[in-house]
Amino acid sequence: MKNIDSFTHLRGESVYLDDIPVLRGTLYGVAFDSPIAHGEITKLDVSEAESFPGVIRVFTAKDVPGENQIGGIVPDEPLFADHHVHFCGMPIAFVVAETEEAARMAIKKIKLEIKGLPVITDPREAQAKGELIVPPRKFVIGNSDEAFSKCTYVFEGKADSNGQEHLYIETQGAYTYPMENGGIRIHSSTQGPTAVQRACAKVLGVPMHQLEVDVTRLGGGFGGKEDQANTWAALCAMASHLLTRPVKYSLHRMEDMRMTGKRHPYSSDYKIGLSRDLKILAYEATFYQNAGAAADLSPAVLERTLFHCTNSYFIPNVTATAYSCRTHLPPNTAFRGFGGPQGMFVIECAIARAAEELGVPAIEIQKKNLIQSGNEFPYGQIAVSEASECWNRAEEVYSLKEIIAQIDLFNSKE
Amino acid sequence: MIKFILNNTEVSTDQHPGTAVLDFIRYRQNLTGTKIGCREGDCGACTVLVGELTNGDIRYRSMTSCLMPLANANGKHIVTVEGINGDGLNPVQQAMYDESATQCGFCTPGFVMSMVGFSLQHEITNAPKEAVDSVDGNICRCTGYKSIQRAATRVGELVSTRKSDPVAFAIEQKFVPEYFASIPSRLKALSDNLSAVKNIEVADYRVGGGTDLYVQKHEAMSHAKLDFFFDNPAMKGIRIEGNRCILGASTTVTDLVESKEFRKLFPDFEIYYKLVSSTPIRNMATIAGNIVNASPIGDFTAFFLALNASVLLTDDKSSREIELRKFYLGYKKLDKRPEEYIKTISFEIPSKHTRFNFEKVSKRTNLDIASVNTAIRLDITEGIISNAGVSAGGIGPIPTYLFKASEYLNGKKVSLELLPELISIVQSEIAPISDARGTEEYKRLLLSQLLKAHFLVLFPELDEAKILTI
Amino acid sequence: MPICFGISFTKTFMNQARSLVHVYSDGSVNVSTGAVEMGQGVNTKMLQVAAQVFSIDASRVRLNTTNTFRIANTSPSAASATADLNGRATQIACEAILERLKEVALLELNLKGVTIELKDEWVYADGLQTELGWKQLVMAAFVRRISLSEHGHYATPEINFDLKKEKGHPFAYHVYGTAIITTTIDCLRGTYEMDSVKVVHDFGASMNVAIDKGQCEGGIVQGIGWMTMEEIIYDNEGRLRSNALSTYKVPDVYSAPKEIQIEFLHTTNDNLAIFNSKAVGEPPLMYGIGAYFALRNAIKAFNPNANPAYSSPMTPEKVLMALYERK
């Protein structure tokens, strides 16, 4: 069966956030965000922006009727910067005007002075300074210290993976309008309607039952709209609540890229120990997660890095430690794989390194160590494994030996 | 008053002529099938077709409506996805349906429009491949493209059976609705009472294809005083006069691609232009725009620098010609007074002794800004280089003609031995900086490699293995 | 490149979902769940669940928008688990209505002690087709004042995790797979192409091959993008330099691998997936990690002395620098 949306997608008839017909009296909001990654706000004057033709109001932290807080797991993320800014792109004000154009022009009239403070972008530096989002986590199975002493080969090294922008083609946004008796209807491009409802309830200081969040579909999410849709929904909902007018904000691409978090960059150390016949006996890894300026979903992402730190392999002795490090980047967030890929990248680097040092193909080490049913993952779950089935089938249906022979032949010609 | 046919309806508007077509169709005409992805021509979600009548012949081209001023729609047929929808699915939509080539659907109308544009294209040589090429300006984040490639290939196979006029075929195969048959005569009628968008005496900006201005100055464009060059007939055309080739300032890359005369001069032009932006952008971007933009990394600037091209500047009262290699004075600084603009670009046509090559490397091979680009022109008589021109971009504040390197090559016998010295001269002549497109160290190494690539491409008889080890 | 990915939210409490199913008196069906459609095809799978449980034509089922007034306390559409959780909840809701409809069928047909089934919109009694069709059955239930609506609730069984010990059984099941990735580097320019990605992927028993294949292909290319050209650059002041599509490059139609082959490994080990069709959203992305190592191997084939830092993405810059690295 084809995707049930195919027909309307192909005819351009599917409705996304920015396609919802606007109601009479709709206002348009645009966020004004920090140009500085870390600093103290010494002056914020929105009066000129507020008197710009077409502008209805400019909201800042002091206007929040409920709590100025949208943090999901840890309440460490203000909706509006208040006194301090913690990352470039942090919302400071929300300009609401009759037209989007007016709002965008008015933004330039906001006067902001920030006293810069030291900026940390490197997670290892943050960890060294004790800037952690949550206490470190450690997964242990067996005894890696002891096991390393029995290994024929031991290799140590460092492996880094960079972040990744979600680049959903539909940018973030929200469209909210007041309903009877103080209710608000919120159209949001979100993967988490309840997260939006909860965050908006907190910011507005109203019970969740007042807020109807409705999502038709997203033009891509990939994790980027799991928690990070909350900000725009909360900004619009707050303006709708205070002005009793419909309010819409559909982000420009550069705003979206600048103001939202991405896949977490990681810097990691590994130590891998193998027996003479290339069985991985011991593995140690320390992960430094670049969480950005607030928790967002980082603690959960961190956890999944640990869950997947041995990828498809059975390793009897593992010690894996993970730090969620607070830096001055936009709060990094969920992205397809949710920390798992970052953990898997490191064990693959360790295996590649061992293979390169020992002069054997990495596939030999990989294949020999695939997890089997009945083996235990470092977190205690017993595997029901299809790893070898997949591997062997791939070798067979794709004639792996022939592929390798062809590659060797090609490379010998160079 | 700007007038054009939007899908099947004639519209006239007194909106500011600098308004992006995208905003007009979405927010004034409520045609929301055209999506906003990036507003800088890099994603293709807003792709529309633009039909234009020239000599009674209608041609449709895909363009990104985010970068297109309303003024450039004047007198044309603008087609959005709503304008190609028939009763069910057209062959493009059906192929994408069958191949499950749509997931979140947000990029989908853009892909559909690019492929419908392909079905209306005049010259078709290898349709299945060209159908895939037609979506080179469309980004999809969901599918991984394989299903889209499969769909495009099927569309191409259908189009390859075409024997009739493109529009007639497209109607017959239901790529487009029947009303398309009436468009040429309706455009002709429209052109009879069309007023040119008024040229403004003192303009803030002169707009060609808009492909850079609308990226850099997006918000200003719907208010600014603008002068529009794109459809100015006096600034169009590619002609050969004596031993010179003269390009009107508003010549688009696609105009070059479609010009038989020009293609004859550069037999490998397809290899070069495929490295430059995407189909919709090539349909809009003008050569003078590329040059006057003064980006240190302009691809066609590097191309024409190596040819030692000249630009003709005019302020409508007097004109002067200046060598392109002397046009750039500093970062984004030109030897040009504000009232002057480029009227034509001209260069000496390559002789049968001329060898030319263009190289470009970017993070993504296609539709990306170069890390480094370079072009080379060598006139060779009996194995001796009689006249050389070497240019490079991305290695300094301006698009650079490498005077010393060019000078070094003059009078030399072609051989591999030239390369080490050439590379060392070039290294002394450039001053790259580290930025988002690469570190200084990388750009230096890369340009050296591309110089080797020039030799390898121009002189296939040279020993490839040796070049790799220089 | 082998992969193994655990399916479930690792916060155990989040592994719950609800579905609201209405059967209207004309036999049409409306389903609301907590799942958000973002291209992954979850609504299509939800529709399949309802159509399959009722054994009715898919055209009778409509998926509603995701709305907090219809479905409360939703978990986000994430962790690849959306179809499993919301699908199970839909299945539970539909089955509850189905059971009531079967009771009505017995009454309508004046039967006792026979097994009622619905097949292709007809009521079957002990395997024999009766004269009672779906629409009549629904109308009969309505007239008899039987509820044609149900709110299904599902919570993944078996899973647990003890945060103090960092041990437990956090995942409903794991998804496995292996990819073979080949690449060719232009050793002069440092550019490269992905030639092929050949995958054997553990789908369990895929309930929608077209959608699952699309998720695989898309995930692979996104993963390759992460490992190759997608380069986030912040300067030391914390300002994003790769701040637009012109400076941040994701794969385009030409940078997708020339060939992607997906072999569906039909695995039969029991799992908690909806209809045994394993979750497919996230796992394929990790095949892309293999692209990094394919490039690394290719670099070393050209320059055995190369030992670039283990640092992704492997941009053309890093490739060229490594090709000409001297030790």
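Per-chain numbering from 1; labels A, B and C assigned in written order.
Assume a residue touches a chain if its C-beta (ideal position, glycine included) is under 8 Å from a C-beta of that chain, and two chains touch if they have at least 3 such contacts.
Note that the structure is predicted; figures quoted are calculated from it, not measured.
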| item | value |
| --- | --- |
| Centroid comparison with subunit C (C-alpha atoms), farthest chain | B |
| Among all chain pairs, the one with the most C-beta contacts | A-C |
| Chain centre separation in whole Å, for subunit C relative to subunit B (CA means) | 39 |
| Length of the line joining the C-alpha centres of subunit A and subunit C, rounded to whole Å | 19 |
| Distance between chain centroids, defined by C-alpha means - subunit A, subunit B (Å) | 36 |
| Residues of subunit C touching at least two other chains | 38-39, 41, 187, 210-211, 219, 222, 231, 242, 244-245, 250 |
| Set of subunit B residues in contact with two or more other chains | 37-38, 40, 43, 100, 103-106, 139, 141-142, 468 |
| Residues of subunit A touching at least two other chains | 2-3, 5, 167-168, 217-220, 222, 253, 414 |
| Residue ranges of subunit A touching subunit C (in the complex, touch as defined) | 1-5, 36-38, 87-89, 119, 121, 137-140, 157-165, 167-168, 190-195, 197, 208, 211-223, 225-227, 253-254, 257-258, 262-263, 265, 300, 303-304, 306-308, 311-313, 327-330, 334, 336-338, 340-341, 344-345, 348-349, 352-353, 356, 362, 366, 370-371, 379-387, 389-391, 393-394, 397-398, 400, 403, 407, 410-411, 414 |
| Subunit A-facing residues of subunit C, complex | 1-6, 10-11, 34, 36-39, 41, 43-44, 47-48, 58, 63, 65-69, 72-79, 161, 165-171, 173-174, 176-180, 182, 184, 187, 198-202, 208, 210-211, 219, 222-223, 225-226, 230-232, 234, 236-240, 242-245, 248, 250, 261, 263, 265, 267, 269, 271, 281-282, 285-286, 288-289, 292-293, 296-298, 300-302, 307, 309-313 |
| For the subunit B and subunit A complex, residues of the former touching the latter | 26, 30, 32-40, 43, 45, 80-82, 85, 89, 93, 96-97, 100, 102-109, 112, 139-142, 219, 222, 465, 468 |
| Residue ranges of subunit A in contact with subunit B within the complex | 2-3, 5-16, 18-19, 21, 101, 104-105, 166-171, 217-220, 222, 250, 252-253, 414 |
| Touching residues on subunit B, where the partner in the complex is subunit C | 37-38, 40, 42-43, 100, 103-106, 132, 135-136, 138-139, 141-149, 215, 359, 361-369, 371, 435-439, 441-442, 445-446, 449-450, 452-453, 456, 467-468 |
